[in-house]
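Chain naming follows the written order as A, B, C and D, and within any one chain the residues start at number 1.
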Amino acid sequence: METKDKLSAEKAEKLLYQLLLMRKFEEKSAELYTKEKIRGFLHLYIGEEAVATGVIQALKPEDNVLGTYREHAHALARDVDAGAIMAEMYGKQEGCSRGRGGSMHIFDKEKNFFGGSAIVGGHLPLATGMALASKKLKKDNITVCFFGEGAAAEGIFHEALNLASLWKVPVLFVCENNLYAMGTALRFSHAVQEIEKKGQAYGIESKAVDGMDLLKVMAAANKAVEQVRNSGEPYLLVCNTYRFRAHSMFDAELYRKKSEVEKWKKRDPIPKFRKYLLKENLISETQLQEMEERLETEIQKAVDFAEAGTWEAKEELTRFVYSENPES
Amino acid sequence: MTEFLMPSLGADMEAGTLVEWKKKPGDQLKPGDIIAEVETQKGLIEIEVFEAGILEDYLIEEGDKVPVGAPMAKLKSEGTPGKIPEKDSETHPIQEKEQATESEGPVPSDSISEETSSKEKSSEEKHRIKASPLARSIAEKNNVDLTSLTGTGEGGAITKADVEQAMAGEKETPKQSPETTAVKDTVEKKAEQETPSKQVMEPPAPSSKPGQQESIRAAVAAAMSRSNREIPHYYLEKKIDMLAAMSWLKDTNRQREISGRLLPAVLFIKAVAKAIDSTPALNAVWDNGLQLKNEVNIGFVISLRAGGLLVPAIRNADTKNVDEIMTALNDMIPRARALKLRSSELSDSTITITSLGENGAEKVFGVIYPPQVAIVGFGSIVNEPLVHDGMLAVRPVLHVTLAGDHRATDGLTGSRFLEALNNHLQNPEKL
Amino acid sequence: MTREEIQSAIFELLKKTAPDTDPTSLKPDENIREALNIDSFDALQFLVALNEKLGIDIPEEDYGKTATLGSLTDYLEEKSQ
Amino acid sequence: MSETIKITYREALKAGIREALFNDERVFLMGEDVGRYGGAFAVSKGLLEEFGEDRIMDVPLSEAGFVGAGIGASLAGLKPIVEVMTVNFAMLPMDQIANNAATLLHMSGGQLNVPVVIRMSAGIGKQLAAQHSHSWEPLFAHIPGLIVVSVGTHEDARGMLSTALNSPDPVIIFEYTSMLNMEAEIPADSGPTDISRAKIRREGKDISIITYGIGVYKALEAAKRLSEQGIDAEVIDLRVLRPLDEDCFIKSVSKTHRALLVEEAWSTINVSSEVSARIMEKAFYELDAPVKRLGGIEVPIPYPLHLENASVPQVEDIENAVIKILRP
């Protein structure tokens, strides 16, 4: 792969750290959920980390990112503060969305991270519209929109892709095909199971990539982002991946076999990437050791921050329904 | 057994206050008997019974104000059954009472239980007074007892206006205090007035109550507002040469004793009654559509000295001759001034006449008295230059106006009526 | 009948006709009907009552002579002779 | 101010759009047939020629898609005027409106503004039958986060849009097809009109007729007729259905002590229901008669003219209802 050669030790270390942070952060979240620190829905990304990491590393800070309700990892990849995300999941006002959104609605405007959307497919036209704005305002930023293969069955997916292609706007649609829309397998949802073909139907350049391999995702994403930025036209990147954990915390996983999960776990992108780095001498055992400690510290810090966070006063309940400074 | 209900004496009557019972329990009643005197917005009205029977018991007391339709007394019917057929009214009175009530089913058969149930009802009513929130809060602030009020709002709910009216009434209740207002003074004097006509030289009528005049004023206001609100008026005017009529009247009166003399108003009334023949649509009421009336009952506006109007009817004016009409006026006007009119006299009119007399304005544009559909206005007779037989001459001229309800008739009808009226007044001897 | 008797009869009957007024305050040359606000019907009734009380008939053509307290008194006084 | 011009409702709307396009480069109009067709109701006729394709965008029949794109564009710095041809199609983008436009500010803890303006033509009166005669203002007025305004007069047709575009929060504007050809005099220099306050269109002391939209001129006509009958009715144009200008009608009812609520939307759970409830809550002790509602008859709007007319309150109905309240 052409990107292999370009991967610097520094970037390699950062990417691995990011992957591990995502994994450990979510494992901690699951634990905190069972302790009732986190409530509501909690959708974990564990197993799919290579996708968010691989795509977002290709972006510039001014690019827009929109995610789904399974977006903790994307926020972390976008450098949203882990403590702010954890506090958000706690519902504390120190959270990145002041605790108003919770796990499914992580927003950070400064990082151009636009959520956190929990209606399947609902954010796709927003991405098209944001890209339209970039075009009209003659900005060179692009918009990246993550969604699952379940969203591709929604009418709005088709509208958003058609409009993006029709208008020729710089948006990268990233389909995280984890094979299950909640519990309904791809084959029970789609007559044509190659999601990339749906993009092609709208005249959008569409590629599929192994979403369990960070290097492959990076390579595909770099190419896609470059193309979107250069052409100003949309692109559909389908990342075939798998979530190791249940859809959300309250899921008996009746729809798939344990053996299937185990099989996919053997393709876990994190050990794979670590192995690759060690093999290529892009990272040392000592560094890995030290990384583990840093991760522990960062996650503990995030939890402490969330724990120390405060509850928004009830009197403020009705804030943020309308803008408080209408002059904005 | 039937109940005698507070009668509705006009579309705008909502309630009445029983001032005096004129019959006692046990009294035999025949149609036309005055059973009670009731004070209304329009003044004290004697109310009649329309069926024969025996007054069994009072259901309300003197001083009670009850809405139209509320039971006032229990009657034992005789002969024709009342409006609401009752089992026992078909058989025979008094002795069969127990039997009759038994047959009514689960209700215990004695009169005590009836009383109890009616008491329960009234106490329940007290707890369930319908009043608007605003009326309640005003009543509370001003210590007005809502149970004593009759509502004029939706479903008989007491409104702000009802409470305020009660408060205004209450202010006047202190009897004969020296500070009483001039208006009230006038009213009371008026009430005690002896009318000058022969047969009515009676002791002062005790009937009139303070506030009565005001309620007449209020009734006029209500009727006129309603008219203005609901009736699309059209107006027509005609000048009538009165030389012939006035000459005839002069000749006639010259031959008569003073007590038999006629007023011009008699000619007006008679002429209107005859003119209606050709335009029956003006002798009608509007109640979800035009309803022609067979009788010609001409309402004659009588203004009261202290303000306000009463409009008693001269019944079947078309069949009365001028002397009979004068007799009717002689009877009615003094009673009107004494506020002693009968209920039916106030509610029977089918068309109204207003005449300002010889010193009034030259023209009067009337406001139709709902539900009637026309009012004829007679100005004062004045000498005016008038073309007569191609010559300009000064002649006595009467300006007659017709206000018609445009829903009922149009200008053509009104025009025809005024023309007919003119013709009749040109031939006074035939009236 | 003295002039005083006639006047007191006039006052009595006027008071009955217009009880809210004080006829005794009428000036001799004041128009009675205007001052006391008496309409044509009451005016006729007043004359009827005068006729009954005093036994004096007033023909219609003489109505004009009865307009003021002074002229009415004069007229009645003359007729009663 | 003294000079007035005669203008149709359509021309007034167009003047408002034109002015907005002139005043702010970020403003653009998008909607079905707004450009080459000239607008389904000829409201935007000629604007394409004047402002070009970039500012006057024809869009495909993708209501959810282009409304979502409008929301997205507003997130990214533009001021879109999105036209949903008629409210009858507004259930398609309802998800975008209710789940995105109305929630983003709140979910993001106050970070994201959605300054989108969505115009919809609404109401009955053209014999368009059940699917094309909706009065769905109440559906939108139900949703916190939206500003819902109703254009009941020519002045507002002319002036509401530019004020709406200055709002940092999403504004839904209801316009009325049946009023498009109606002419009225407005001040020649008529400018932006407020979108936060109700307006007393006629002062009176006997009763408050509280209405909006098509009801405004009807109520004014009824009030005129009533005045000939000695009844002095106050007519309140709610103008903004959310957030309701409660002060205005509570004050009015406290003065008149009676209220008749008029609108074309079906009576069950309509705007009048809310107004009525607020009167009960805030002005109960001022009431001298029960509050009455005059709303749409609960039936899908039928095609024949006489039945269509019977489906919504007419001037005579308003007149009679007032008389019934005042003279029970």
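For the reader, a short list of remarks on this structure follows.
We adopt the following convention: a contact is a pair of C-beta atoms (placed from the backbone, for glycine too) under 8 Å apart; a residue touches a chain by one contact, two chains touch by 3 or more.
Molecules present, by chain and UniProt name: A = Pyruvate dehydrogenase E1 component subunit alpha; C = Acyl carrier protein; D = Pyruvate dehydrogenase E1 component beta subunit.
Just so you know, these numbers come straight off a predicted model, no measurement behind them.
Of all chains, A has its CA centroid at the greatest distance from the CA centroid of chain C (Acyl carrier protein).
Think of the whole protein's Cα atoms as having one middle point; the chain whose own Cα middle lies nearest to it is D. Averaged C-alpha coordinates give centres for chain A and chain B that are 87 Å from one another.
For the pair chain A and chain C (Acyl carrier protein), the distance between C-alpha centroids works out to 112 Å. Measuring from the averaged C-alpha position of chain B to that of chain D gives a distance of 51 Å.
With centres set at the average Cα position, the gap from chain C (Acyl carrier protein) to chain D is 75 Å.
Chain contact topology: the protein chains form an open path, each linked only to its neighbours in the line. Across the whole structure, chains are in contact as follows: A-D, B-C, B-D.
The touching residues of chain B, when paired with chain C (Acyl carrier protein) in their complex, are 186, 189-190, 192-198, 250, 253-254, 257-259, 261, 263-265, 303, 305-306, 329-330, 333-334, 357-359. The touching residues of chain C (Acyl carrier protein), when paired with chain B in their complex, are 13, 16-20, 33-34, 37, 39-42, 44-49, 51-52, 57-61.
Within the complex formed with chain A, the chain D residues making contact are 26, 28, 54, 59-60, 62, 64-78, 80, 95-96, 99-100, 104-113, 144-145, 147, 167-169, 243.
The touching residues of chain A, counted against chain D in their complex, run 64, 95-101, 105, 107-109, 114-117, 119, 122-134, 136-137, 143, 155-156, 159-160, 162-163, 166, 319-326, 328.
Considering their complex, residues 132-137, 152-155, 157, 159-161, 225-226, 228-230 of chain B touch chain D.
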